[in-house]
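Per-chain residue numbering starts at 1, and chain names A, B, C, D, E and F are given in the order in which the chains are listed.
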Amino acid sequence: MMKHGMGSKLALLLALALVALPLLSSPVAAADGEVDSGDTAWLMIATGLVFIMTPAVAFFYGGMLRKSNFLSMLGQSILIIGVVTIIWVVFGYSLTFGTDHAGLIGGAEYLMLNGVDISPSLIAPTVPHILFMMYQGMFAIITVALIIGGVAERMKLSSLIIFLSIWTAAVYVPVAHWVWGGGWIYDLGALDFAGGTVVHITAGVSVLAAALVLGKRINMAKGGQEVPHNIPMVVLGGALLWIGWFGFNGGSALASNGLAANALVVTHISAAVAATVWGLISWLDTGRVSVLGLISGGVAGLVAITPAAGFVNPTGALFIGLGAAVVCYGGILLRKRLGFDDALDVWGVHGLGGTFGAIATGLFATTTVNAAGKDGLLYGGGGDLLVAQLISVAAVWAFAFGATFVLLKALSWVMPLRMSKNEEKIGADIIQHGESAYYLR
Amino acid sequence: MKKIEAIIRSETLDAVKCGLETLGMNAMTITDVLGRGEQKGLEFTHRAGKYRVDLLPKVKVEIVVRDEDARKVIEVIMEKARTGEIGDGKIFVCPVEEVIRIRTGESSRGKS
Amino acid sequence: MMKHGMGSKLALLLALALVALPLLSSPVAAADGEVDSGDTAWLMIATGLVFIMTPAVAFFYGGMLRKSNFLSMLGQSILIIGVVTIIWVVFGYSLTFGTDHAGLIGGAEYLMLNGVDISPSLIAPTVPHILFMMYQGMFAIITVALIIGGVAERMKLSSLIIFLSIWTAAVYVPVAHWVWGGGWIYDLGALDFAGGTVVHITAGVSVLAAALVLGKRINMAKGGQEVPHNIPMVVLGGALLWIGWFGFNGGSALASNGLAANALVVTHISAAVAATVWGLISWLDTGRVSVLGLISGGVAGLVAITPAAGFVNPTGALFIGLGAAVVCYGGILLRKRLGFDDALDVWGVHGLGGTFGAIATGLFATTTVNAAGKDGLLYGGGGDLLVAQLISVAAVWAFAFGATFVLLKALSWVMPLRMSKNEEKIGADIIQHGESAYYLR
Amino acid sequence: MMKHGMGSKLALLLALALVALPLLSSPVAAADGEVDSGDTAWLMIATGLVFIMTPAVAFFYGGMLRKSNFLSMLGQSILIIGVVTIIWVVFGYSLTFGTDHAGLIGGAEYLMLNGVDISPSLIAPTVPHILFMMYQGMFAIITVALIIGGVAERMKLSSLIIFLSIWTAAVYVPVAHWVWGGGWIYDLGALDFAGGTVVHITAGVSVLAAALVLGKRINMAKGGQEVPHNIPMVVLGGALLWIGWFGFNGGSALASNGLAANALVVTHISAAVAATVWGLISWLDTGRVSVLGLISGGVAGLVAITPAAGFVNPTGALFIGLGAAVVCYGGILLRKRLGFDDALDVWGVHGLGGTFGAIATGLFATTTVNAAGKDGLLYGGGGDLLVAQLISVAAVWAFAFGATFVLLKALSWVMPLRMSKNEEKIGADIIQHGESAYYLR
Amino acid sequence: MKKIEAIIRSETLDAVKCGLETLGMNAMTITDVLGRGEQKGLEFTHRAGKYRVDLLPKVKVEIVVRDEDARKVIEVIMEKARTGEIGDGKIFVCPVEEVIRIRTGESSRGKS
Amino acid sequence: MKKIEAIIRSETLDAVKCGLETLGMNAMTITDVLGRGEQKGLEFTHRAGKYRVDLLPKVKVEIVVRDEDARKVIEVIMEKARTGEIGDGKIFVCPVEEVIRIRTGESSRGKS
């Protein structure tokens, strides 16, 4: 019998070496053309805001777990920042935003960031290309980071990192290309302003597959209850996510203009409405207003407005926020009923919230906000957009679920995906990281 | 000497403390504990829905007293910590063979 | 006897429905005119920075309370973000910044954000109107959120939300209109750059009234001492407030220019000086340098510079910081002496700090910083400005105190304002939210 | 025998009075010339980002200490913000950026910020002078704040503040002038984009001297182990440092352009690579992936890229990140072997990381990124730059070490530098601040 | 009455709790403690390298039972808390002279 | 067997631990507690002014030893935990009827 420990160590080293070496040759060309200082300032800060979402999500998730697994969320998020950044720089960006091939994948011209320098970007002509690259890279990072909430408290760190590295290349990169890089969903005419499909459906549905492959945590399998160990950390993470989302949606205008402002404003409105409505539902359902619920509601509203932010007005945002709270609250209850163990309801919040948002875009989009957009069903555009949205949603659901399921099944033949029972009881912090979150004496 | 060990509701600690002070009993040691008894737990809210927590935060108060003072201390605790609702807690009385004050080295040996 | 629980549930539902429905008709017009990318970038990020101040204030407050009430601060802050956003979008913005009526209230033209779109704003002609609207909305939110620190640990959540919803409409909106929306204080010539009067006096003085109506917490009534349960969370909140204030004061220039830069710089200087001086006072008074004091000093300096930030130079900022520390330290001692239970000294810090700052603006304002401003008493402008400042301060004190007092008294006939004694002892987190902040095992 | 307590109180008061008084006369001239709104927006937000690094570093450090010293880190960081801001405003800025005298020190023309107003800055001609002043002031603050990590858990607060005040004037100001203010290192042609030498070597090497003068903590002297008391707070601080560094390095372009974008992007890449590599080393060395290590790796990568950020491309950033992890991991092990008590490895991470980065700049700098820069050894520029880098590094090492050593030795004759043994065991929070970080009951 | 005081591994608490429930023994009080015994500590990682922590988190379970129930309780704990590895912990049995229920005032006096 | 229960100052724990080690007594269980005794509390600073905290953090050290070792253990604690200032704490000695090692099942029964 092969010893997993050593084998996976070697594999990881090898993978990292392969990924790292080619970077050597990446040249940086001189700038030409005109960059706008205001647009660049906005995209730089938006890049920072999307960056902070990844540690934020780790706090958001980690506070909801047992304290013996808090650090694993934080550590995984930092590792994901590291590994996905390297993947993105080496080939991810190129395969996403390089010249389209058959609607399926981008070209190789930007491998090793070849030619990606401080001259203006083709896609965002008023900001440096290198900045556009990094801004998009932050989306890849946060998408991958969302997944850790679903497999929390049981997956082995080494298997997780290998899984997520392959997942970035095999799932995220193609879907991002299809929607934003000039691929077939783009051609279809479906709208996804800031990643309802690319980010939230992709991550949320992949977690569904992962939860099914991995199975339940021991404690959950016995019908145990998860008691969130530090709710203020959840709120802290949620608050940072909220402001981060201003950069996530607002920055997706790729310029500092009315469209960016509209995206930012409707983002806030949707989140505010969803938080309020979630609180109300919590009150009607349990007689109390859960603070965990309030901040989760905010996040649900943020998720759902993501695909729509550049296409809807405040009225649209109101309905999207309202719907997001109802759909995601229901989604969590449904997950509990169905009984699979998506530890932090990534499917319920991001998968369903993103799906709802993508469909709602087909209803509420209006060209009065964005002439480059389309009119949805309720704004006189007929059903065309809605159909395109439904197709893109269905395609990404199927692809993300299928690819993740197959990938994890395959991996499970090569290496154990989960910690041992005893390790799981002790917790990932000590087992995987050799640390405890708190030593409060 | 006796050790009076009372497991009480956190919110009644202040009242118990004041009560003991009026007896002239300031000394005590307090520990945060989790407890379960007749009170089967409480319902808490989650993001969506509720769940039941079966170990509830309680406070353990330990007071070591001379045998003759034990009754008075118990009575004060009984009075101040009682709400009449399930979950008020329990008092355990245990024997203590010797008490030594570290600062002075003085010992209770032989007294009780 | 009417059952409060059910009655207030229904009332809240109704109120929310009324507030939410009209949103449906809000149209978004197309943009015309020119928006500046740099100014827009700055106002977007300033909007984000002011947003983060609301969770920040909840951490700042919550860390100072018993741990059994931490979540209530966090939850209330999120609910306030939700409810005040809805109010602002539906009618608050319009009544504040719509055409003036008799100096008292704004017009109805922007109800449901009618016509508030991505074309340039009238008041801030280089940024989208919708962004100006949201930036101002964040001020309404943070003002309301300040109040929760005064009524903490005892007010019922449902009563609080009803109270604060009405308060937003009946107190904040008029005062903001008077000062910034072209109302009578504006006409009077009083200066309030970023909200010393509108935000801090209004909130701080309302808390004074609320503390009197509500009475003391049980524990305080018995002469108990409040032990802050998590000072690092206070510092975290304070640090986020500090950077948030750069957007609060710097953004109030409504453009990215020298005035904004001046506001940001004097804001930092005032806070830095006030923190240092507070530390010094703490040391002279108690022999120790309280960390809670240091960060509170910073906040006091931020409060006091708020009305002045666009009108004074660094020298002015120094004196304002110095004065803020002395005034607010004294204010807290005074509150303790007077014995009313403003749990987190909102009156002492925001009420008195804002008052001091408004008056100091009358002393230190100089047109060398802002040609559109005025010269204060010490800069050759005579006493005119000082008198205008005093009048505006007095008017807002009187109005905020009176309106809040009456409002709460009236509410107290309809619903209980406080939790029951037993509930108060158990703490708002479990009673109102069904949660505990920490479960550290 | 003189009583230290009273003596040092008086000394501090006197020093503060001297520092504060002259501010009175600082005038603010009217603006002339053109400020760019995008550049100004970026520098304002960069100022905010660098500001937040100081509390961030206190969380980063404090979480690694015993819980009885957490508040001392937070309190010291706020005091440093206060005191260094005052020093900077009164004379620090002038002596750093005023007209050069003999390559050693700046002129007196900006004393009390005389003439530092909202008109464009000479050095950064598209942003207001007052903003450039404050942005640079934030660098002074964070540099001083880095030092507290080395002397943590034992130095007396009053001695620390006196030490750091003098240090700011006597060490930071000259070095910053030499490198950035037109002094001799500037003339030498050495490159330091954002402060590898000025900030990190200066602070890191000074800590080495301070650790030697102060001696070990009681616990460490006995071979005790430091158990980090709250690792999530370390990660929180680290994440805020990371985003703060976008402003630190990106803002050092002093404009919102391709150079700023390049600096931001390579900063992120270096940090990402260093975090990953550190995790890998941790895994190979201990069999676990330390989360403390991951975030420390990120910080090491940020430190090392600092001098290079405006001169290297992503390939350079990869190698710098890789090297930073190896050098700083080794540096911590080396410090443990050498046995001096630099409590939080400021020397190992900032001193060595900064040194490595400065030298790496001599290797990887390329004028394709920045025409105003130079080509390093590996980009066809020959060894000139490398030699200049080595000279500047050696000079700053020698100066920082010597000056700090002498300063502390001298101070030790006037006042006790450390808390008493018993005070040290009880912890600085209670002894110096009269507070405890947590009261979790 | 006896007080059964068991110092066990945190991760076995759930099993112990369930085991006692099946005995019909719900009442217990739980305290987080740090312990040291045969188990000399654990290696933890630091930023660079490792270090040894010699006080490990354990859970103290206290159950006050009638004398005749003590044996059963001990046996359940022995079974559920045992992993066979060093560090499984210890059970201490101490005498309790009196138990009083605060809510009702009822006392065990005389029973045991 | 005896249980030595010492309430000591947190900052003396390290010294106590080392002292016991030299006796060859490694085993102990430690709990964070709050205490009040002769020491009436400490003054803490607030934002403005001071306040008094009357429950101070202390550490409870529990060591179960054979009767004949009790005296030695007590003496070591007395020596290492004493500062001579008010607040040094107390040592309580209680009877323990039985000690069982969970891992092996071996019991002290009869040895006492």
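For this structure, a couple of remarks:
Here, a contact is a pair of C-beta atoms (placed from the backbone, for glycine too) under 8 Å apart; a residue touches a chain by one contact, two chains touch by 3 or more.
Keep in mind that what you see is a predicted model, and the values were worked out from it rather than measured.
Although chain B and chain E share one sequence, what matters here is the overlap of their interface residues, and that overlap falls short of half of the numbers used. Counting C-beta pairs in contact, the pair that comes out ahead of the other among C-F and A-D is A-D. Chain geometry summary: the mean Cα position of chain A and that of chain B are 49 Å apart. Rounded to whole angstrom units, the spacing between the C-alpha centres of chain B and chain C is 43. Between chain A and chain C, the centres computed from C-alpha atoms are 34 Å apart. Residue positions 36-39, 41-42, 45, 227-228, 236, 256, 286, 288-290, 292, 433-436, 438, 440-441 of chain A are each in touch with at least two other chains. Shared contact sites, meaning residues of chain B that touch two or more other chains, fall at 10, 31-32, 34, 43-45, 50, 83, 94-95.
Within the complex formed with chain A, the residues of chain C that make contact are 9, 12-13, 16, 20, 23-31, 35-45, 47-48, 51-52, 55-56, 58-59, 62, 70-72, 74-75, 78-79, 81-83, 85-86, 89, 112-113, 116-119, 127-128, 130-131, 133-134, 157, 233, 236, 256, 429, 432-441. Interface of chain B with chain C (complex): residues 10-12, 14, 34, 42-45, 50, 57, 83. Against chain C, in their complex, chain A makes its touches with residues 36-39, 41-42, 45, 49, 67, 126, 227-232, 235-236, 239, 242-243, 246-247, 250, 255-262, 264-265, 268-269, 272-273, 275-276, 279-280, 283-284, 286-292, 294-295, 298, 313-315, 318, 322, 366, 368-369, 371, 438, 440. Across the interface of their complex, chain E is touched by residues 219, 222, 224, 422, 425-427, 430, 433-436, 441 of chain A. Within the complex, the chain F residues that touch chain E are 1, 3, 26-31, 64, 94-103, 105.
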